[in-house]
Amino acid sequence: MIEVRWHGRGGQGSFTVARLLGLAASVYDGKYAQAFPSFGPERRGAPVLGFTRIDDYKITDRSELDVCDYVIILDETLWGADVKVGLKENSIVLINTKNPERYQAELSQRVVGLDATQMALDYLGIPITNTAMLAALVAITGVVETESCKSAIEDSMNPKIAGKNIALFDYVVKEVASRE
Amino acid sequence: MARRFVSGNDAVAEGVRLARPHVISAYPITPQTIVVERLSEFVEDGSLQSIYMHVESEHSALAAAMGVSSVGARAFTATSSQGLLYMAENLPYASGARMPIVMMNANRALATPWNIYGDQMDSMFMLNSGWIQVYVEDAQEALDMMIQAYKIAEDPKVLTPFMVNLDGFVLTHTYEVVDIPTQEEVDAFLPPINLSENIMSMEAPKSLCITAGNNYNMEFKIKQNEEMIESISVIEQVDAAFEKQFGRGYNGLLETVDCEDADVILVTTGSITGTARMVQKTLRAEGKKVGLLKLRYLRPFPTKALTEALKNAKVVGVVDKNISFGYEGTIFTNVNSALMQEGASQKVDNFICGLGGRDVTKENIHEMYEKMLVHLETSADVNDANVASKPQDRIHYMNVRCAL
Amino acid sequence: MNRPKMVNFKDPETVRDYPMGATCDSDHLTSINAGWRTFRPVIDQEKCIKCMRCFLVCPDGVIDKSGDQLEIDYDFCKGCGVCAHECKPKAINMVKEAING
Amino acid sequence: MERITARNLTNEELFYGHKACGGCGESLAVRLAMKILGERTFASLPAGCMSAVSFIYPNMAFRTNAIITPFASTGAVAAGVAAGLQALGIKDTYSVGFAGDGGTADIGLQALSGAIDRGDQIIYFCNDNEAYMNTGIQKSGLTPFGTKTTTSPAGANLPGSTTMKKNMFEIVAAHDIAYAATASVGYLEDYMMKVEKAKSVKGTSYIHVLAPCPTGWGTTSEITISLAKEAVDCGLWYLAEYEDGEFKLNKNPKEFTPVENYVKKQGRFKHLKDAEIKQLEAARDKKWEKMRRNWVK
């Protein structure tokens, strides 16, 4: 089972992307998935979490995630003790930043940085980085098929916004793959 | 059939859409809100031909549903927690009138302290309300039970309101893959509502929700109880018919996992069952003779099936996401009573956990099994007063953040 | 007289024979109210001008106007006296009920 | 609209054989309403005298369909009945609520407000006998100032109820309801006309009818009608309508009969001192000054 934790702030789409990943993995990749938010009232700007579980078998686990394979941070101001919880030796931490080195210095796990805010501004005109970070995750890990992610995006957004997000997604996948 | 990635609340709404109620009367409350949002969207976009009543309270939500049902139309409502308690006086009203209303309840903690997260204190309050109560494990079961609920509730032998319980957030807000049947498939399974005996109609005017004094009242209540107990067979038949038509069933009122030769069996309801399945499987793989019993219905209570499934066990553990203050977990009380009726002599443990949305981890469930296995090896009978077995020792609070 | 009639009601024999739910047929009268009266209204048909005031004001609706004369359903009259009080020509007398009378 | 009189009113009784007290004004209000509404009426009644006296298994006084609702739920159940009938395509029916003063102005106010707000197709009757009579005469929100009830005793320190009647009619009208009216069983033709009017209203109607309770008011049973008339004539009650967003006073007497004559007939007011009667009159005059100023064109 792959377990993913998304860190963002209310309004940044951290749960939406947790759900997009689950949708891609389940409906389009034919696996099983679970996605859920950090439970409770949603407040714009407050730190929030999204979770995705992916497996080849039906997922019955209803407990919270205690360890994560991938941690994705949509907003680097959230860096702190919370993002380091439940990391395994081979976990990957993906962060929206221009300076991944300073975060890498604090962790033994692999930290990957992506200037997702700039890319989102270029492609969407707004600093919503969730699909860019999803693209980076897919490019690095191959946890789901890229086509499945794009189908999930198409499925979940209106056509105009989906188009822009898919363009951003494609750009990020290419960009990250060329680095890997 | 469509395969979709939806939340438990979405699954409920989809199930309700497929069941085609005539009228929906509901009041929003966390964590049920998404159900009423979706249903009002379905009414708006025309995919559900229902009247959506914007009632001003939960009390009126169920009262209006009673009005709807009283003329023989299909009614749906949904609530949670304080909302369920606010409509409390109407629950026995509806069941005494034998109105086959279906309600979704998002299990949530009760104030105070205030808390919006999941536990089962709310519906446990309503065990005596005369409603059928089922607890579902995942979003698929939630959807399927909305359809089964109407079929069971409207059966002429049953005619009893039906409460489908989903753990708040853990089920209501978790997205997972759900197979959504087609309208044609559901229509073939669930025919239009057709009531005659207990409704107001122009053909045979009736007086409903009448008074019956001390000279007649008791017989009405006995009839209600006897017929609720007999609904067990209808519940089993409907689930079997559902499985035949849709290719998935839930084994009636309870499901057993490796219970036949198990020395210790954990009894769970609702979503915890899923987590317990993983732990039970792991322990079996280690050679430990452990079983799991998923108790789906609390009313009617499946006394016979339960005691039969538990009869070979030496230790039984009951998981409760509730406390009956001054006593113990409510399901524990019910299971004990069933075991006593059958003259069984298992050792019984009560695991109280998950209150106010406290996480129930795999380790917690592992610990429950470990405690039961210790009991198994204790030669003394825990029910013997000479052993350390004061009543409170049978209660184990799980995942508590400080010393007791 | 065109007024609802008593039904011949038999107690259910078994619990199963009780109604489904707290229900009963409407228009289902099983006991009369005659015993409530101390006085009974008696219409003096000579004085009656058939203004129908008594028919209108009777809280129990026991005055029937379908025939040639107004008639009182004594099975359900409670003897409240509203009819006599409201009768302008004083055509209704409240007469004390006698045992067996 | 043809006037409804004792002559043209149907002889058919749809509410019959109930066990209300002799001379009960409320049962007369229900009886006449049912006659005007007819046999395709679905009546919803909360806990209260009318349900307690007419659904006693196995004795059923309604000849039409009828249901007892939870106390707080007249508006909601009647609305549900209307919705159910609409969904089933059962046409030409009336969904009607008959609640008392407590069931309307106190515990049932929320559900009534919800129904009016939604514009549900129901006719709601408030049968106002000015206290909780079914439970043995306790004060409600519609109990007038100076009324002795079992929970507002009159003695050396208190004059009985210390509050005036809650203004239900205007509370209902403030929802911009389709039709609302006040009535009295002392003015039956006016009342019947209002019921007839409500039948053709699209949306919610509300009829608030004053109905004396001989038991609770401490009167002999035969004066129910004349006392209800006197309540209007002395100005403590009034006949009005709210329609198309406008108030209308149906009866605007040049002079009032003495309040004293009205209250002295009733056991519930026997204790009132002159000063307290003056208080009732002062409140009456203030109310009428406002109604005449705003409701009379």
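First chain written, first letter: the chains are A, B, C and D, and each begins at residue 1.
Here is the rule we use: a residue touches a chain if its C-beta (ideal position, glycine included) is under 8 Å from a C-beta of that chain, and two chains touch if they have at least 3 such contacts.
Only a predicted model underlies this, so the values are computations on that prediction, with no experimental measurement involved.
By number of C-beta pairs in contact, B-D leads when A-B and B-D are compared. Comparing the CA-atom centres of all chains against that of chain D, the greatest distance is found for A. The mean-CA centres of chain A and chain B are about 35 angstrom from one another, to the nearest whole unit. Averaged C-alpha coordinates put the centre of chain B at 43 Å from the centre of chain D. With centres set at the average Cα position, the gap from chain C to chain D is 24 Å. Taking each chain's centre as the average of its CA atoms, chain A and chain C sit 80 Å apart. For chain C, the set of residues touching two or more other chains reads 24-28.
Each of residues 205-210, 212, 216 in chain B touches at least two other chains.
The chain pairs satisfying the stated touch condition come to A-B, B-C, B-D, C-D. Contact residues of chain C toward chain B in the complex are 12, 15-16, 18-28.
Listing the residues of chain D that touch chain B in their complex gives 39-40, 42, 44, 51-52, 55-58, 60, 62-70, 72-73, 75-88, 90, 93, 95, 110-111, 113-114, 117-118. Only residues 5-7, 9, 11-13, 15-25, 27-28, 31-32, 55, 57-66, 188, 214, 220-226 of chain D touch chain C when the two sit together in their complex. If you check the complex, the residues on chain C that touch chain D are 2-4, 9, 24-33, 36, 51-53, 55-61, 64-66, 76, 78-82, 84-86. Across the complex, chain D is touched by residues 22-23, 25, 50-51, 53-57, 59-61, 63-73, 75, 89-90, 93, 200-202, 205-213, 216 of chain B.
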